[in-house]
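To start, I am sharing the structure in question, which I have written as structure tokens.
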Amino acid sequence: MIQITVIQIDNYGPWTVTPNPRRESDLQALQSRLYADLNLMFGAHKGLVFYTRFDNLIAITNGIDLITHKRIQESIRNRYPFTVSMAIASAETPYEAQKLATETLQEYGSAQDENRKEVLDVANELVVDGYVQIAHIDINNITGTFTDIVSAYDTYINVNKVKLYLMEELLKHKALLFFIGGDNFMAPSNGMDEEDFLKIFDKIKNKYNIELKAGIGIGKTAEDASNLADIGLEKIRMKLVNKNICVLRQEDIIEQNLSTKKLCELQR
Amino acid sequence: MIQITVIQIDNYGPWTVTPNPRRESDLQALQSRLYADLNLMFGAHKGLVFYTRFDNLIAITNGIDLITHKRIQESIRNRYPFTVSMAIASAETPYEAQKLATETLQEYGSAQDENRKEVLDVANELVVDGYVQIAHIDINNITGTFTDIVSAYDTYINVNKVKLYLMEELLKHKALLFFIGGDNFMAPSNGMDEEDFLKIFDKIKNKYNIELKAGIGIGKTAEDASNLADIGLEKIRMKLVNKNICVLRQEDIIEQNLSTKKLCELQR
Amino acid sequence: MIQITVIQIDNYGPWTVTPNPRRESDLQALQSRLYADLNLMFGAHKGLVFYTRFDNLIAITNGIDLITHKRIQESIRNRYPFTVSMAIASAETPYEAQKLATETLQEYGSAQDENRKEVLDVANELVVDGYVQIAHIDINNITGTFTDIVSAYDTYINVNKVKLYLMEELLKHKALLFFIGGDNFMAPSNGMDEEDFLKIFDKIKNKYNIELKAGIGIGKTAEDASNLADIGLEKIRMKLVNKNICVLRQEDIIEQNLSTKKLCELQR
Amino acid sequence: MIQITVIQIDNYGPWTVTPNPRRESDLQALQSRLYADLNLMFGAHKGLVFYTRFDNLIAITNGIDLITHKRIQESIRNRYPFTVSMAIASAETPYEAQKLATETLQEYGSAQDENRKEVLDVANELVVDGYVQIAHIDINNITGTFTDIVSAYDTYINVNKVKLYLMEELLKHKALLFFIGGDNFMAPSNGMDEEDFLKIFDKIKNKYNIELKAGIGIGKTAEDASNLADIGLEKIRMKLVNKNICVLRQEDIIEQNLSTKKLCELQR
């Protein structure tokens, strides 16, 4: 079970144009700082937030209780010109969890209902013995094949094509996909296996001639999972693995007292 | 002529994993604060920055001179764990300008060359009598048709589909497109006219059943243009215009001493 | 027992002038953001940080373990152009605790030793069953007596006089004092009682003709204590108390199941 | 003539306790970020802001016009849960200028008048041909004499004693003094000369056995002046000057085409 929190700025659209449209550079600064703060505050408790649409954000929050959510909600109210609502849900897949969370939020009224403020609710229940699976997906040598040779915007378009394709393919597995900067994506993907990813990467190789690799981490919290995913990615980069996927499980490392050195290595 | 600055974090990829992969919530906070700061600092001089890939950013900088760029570059060096390089270029279209700027950056070496640091250069020349055209594109009633009724992620995917489609269509006109949050996009689009946009919106209506509207501002700086675009958008929202496009030109307002009230209105 | 953490930027002096002196507005932004971040990150775990000298900060950290300190230290390293060292200590009084913590830091070398980086150590032990006492001290009607009638700088000087006097008087009780903005001070003051404060306030009344009031909170963490102190202050402001001190204890409220309404009230 | 802007958060006291007292770690983060932002935004135009009381701030703004002030005021409104008022004034001395500015603000009503919002006014006139003199004052070897050998709080108290003493002495010359972190102070001090400072430093040496040095910069803007002050301080540190004061004038450097190398040096 993965636990997802959907975060929504309350009645934000009308605010951006009241009494007159607000300067766009200010709105960009405001939104991206909100995102930074949410990551620091959820990150302090091993959660991870994705910016999504900036006014609607999706966070992985396994291990984070209701009172911590409430404290974060208060901290936003204390420092921003708006408030946020939050709904928490858990499910076998990330897609299901975010769907349940959204539905809970929607029950309280419209995102642009001026009377709906600071909702905080749990759709079903907080996860106790769940786990988070995150794939950290990265383009091979984007620097040499794009950044250093084509224009900044052409690289950007290509990254967006890969992104949308990945979103659509992963959705078939009820997994989510978020861009995290550069040529990097993170996919909360409980339930998917190595083969599922390899098949998608093959398709992308054929369609766009872009090669992907992914470290996949499975851990108790978003931070545990993403750290393991990062380590897996480095193993592939250092050619300690002879394929483009490396899966690392927190329980293997803890229970079998294995260092990550031994896992996911080349079999010689 | 539009003036574009391409901003690139120096040798950022290697830094993110040295000596070990850094916590992802920290990287997200770091990147989005860089973006916020760049918007505040360029915004102080009427520029506007788009986050693009977060490690490679594109800014509209008409009216901003080299020394101001240098001061911003220094301010980043003084407050961040990395430095940034910048190249400035001008052209008839935004696509051409960013291409020239990227090429100038590339001449100095790879984005991951550890010896290439704090490049600051101008591809051709700074714009003196240019103008900026920005279309602020927005989905009609996303709240009622998506946000309040489908899941947060489903809304997000739809916004991404529209985004990629817009990117591809606009590119044919050498215009750029950036997501700015919610259901909003900004298109630096010097040279495009009303008809060009209406045709693209029609295609999107047919393909995705999503209706778009756009305020288009034409002004001396990114801020002037985006402010006018916002005002145009509000005129459409308030049904003061009987189509989904409203173009406002700074020179019309200044020279003919017209208030925006009179422009882009319903002909009755 | 109160737990104090002393935080020090590593080798900061030399950095500020290498290779040339850095722009002062940047340094002010950098330092105050570090302070903001430390408050958000320690605050996420109910701690409270005071800016002190900005390069050397003092935090109350009851209830915050070593691993959380380490995570905060890493987060600074990941996002700032410098690193920080931290030493934790506990004692009966705040003064003793910060002294022990400082000594531990000093054992590792000079604040400007370029080889001393990211020290993290505990002087004696982390507090388990301790408590925090915080007095939130405020000047009566500073708005009417200063802000609205004398110059901004004259008000400022007067606040500084009161501050230094309070620092010296409180030190006799091994309590600390920090300015928190406006006309407000916070004094970590384990061991001091109502009478101690009233006497000091009297002296200040006589010497500077400035009247002070204080809410005093006693709780398990810095946040619990400071919240109670704030509530106490409000009770005085609303004249629910007939003196300038109101002490509130977390244990009274929890154990006796009393609401704060009943405590620290006017005896009629 | 020096130009000073007094910045005041509107009706801030009541806000901090409505409907209930707000978490202090949040307020500290909020206030210090406001300070950081003001420094970045005024800094973008070569101004410099001092945190003063955090709710009332004093800035040096030579060269910054009214419209730029207005844009900064709007940017705060767009991103913070409160608004700020500003008044600008110019005078021969910094003390006089801040006094005039405060008076202008006071004419509009109380700092806690809920109807007084976003005042922006000029007391007399904006400075055209003025100059800024800033002394950057620093304690000799605080690391060896305090930081590394006594407790963090004892160092802090000593810095505060020096601060208050400096404030009182400088006020006799109608100069202001602000703490800028570490063992550093900045004194806007138009009209004071080398001798004035040396006498005050002597008194402090006798009274507290603490030695001070100061780089004094005289330039068109706060940034010019503070950069020159920093350079002067480095010259003293590197023993290129045989006293504890080094004055550098922007006009000498520009007009006589002198590099700073030649100025303020040891006469051999």
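Lettered A, B, C and D in written order, each chain numbered from 1.
In this section, a contact is a pair of C-beta atoms (placed from the backbone, for glycine too) under 8 Å apart; a residue touches a chain by one contact, two chains touch by 3 or more.
Everything numeric in this text was worked out from a predicted model, so none of it was measured.
Engineer: By mean C-alpha coordinates, which chain is most distant from subunit A?
Structural biologist: Following the centroid criterion, the farthest chain would be D.
Engineer: Name the pair in B-C, C-D or B-D that forms the same interface as A-D; by residue number, over half of the contact pairs must coincide.
Structural biologist: That would be B-C, since it shares over half of the contact pairs of A-D.
Engineer: So subunit B and subunit C are the same sequence; what rotation in degrees superposes their CA atoms, nearest 5?
Structural biologist: So the angle, rounded to a multiple of 5, is 180 degrees.
Engineer: What whole-number Å value describes the gap between the mean CA coordinates of subunit B and subunit C?
Structural biologist: 43
Engineer: Find the geometric centre of each of subunit A and subunit C from their Cα atoms only, then give the gap between the two centres in Å, rounded to an integer.
Structural biologist: Whole-Å distance between the two chain centres: 36.
Engineer: Can you compute the centre-to-centre distance for subunit A and subunit B, using the mean CA position of each chain? Integer Å is fine.
Structural biologist: The separation of the two C-alpha centroids amounts to 24 Å.
Engineer: Mind pulling the residue numbers of subunit A that touch at least two other chains?
Structural biologist: 23, 26-27, 29-30, 33, 37, 40, 43, 75
Engineer: With touch defined as at the start, can you tell me which subunit D residues reach subunit C in the complex?
Structural biologist: Per the stated touch rule, the residues are 6, 8, 12-13, 17, 21, 23-33, 35-37, 39-40, 42-43, 47-49, 51-56, 58, 95, 98-99, 101-103, 106, 110-112, 136, 143-144, 147-157, 159-161, 163-164, 167-168, 171, 176, 180-183, 186, 223, 226-227, 230-231, 233-234.
Engineer: Write out the stretch or stretches of subunit A touching subunit C in their complex.
Structural biologist: Against subunit C, subunit A makes touches at 37, 40-41, 43-45, 71, 75.
Engineer: What does subunit C use to touch subunit B in their complex?
Structural biologist: 22-23, 26-27, 29-30, 33, 74-75, 77-81
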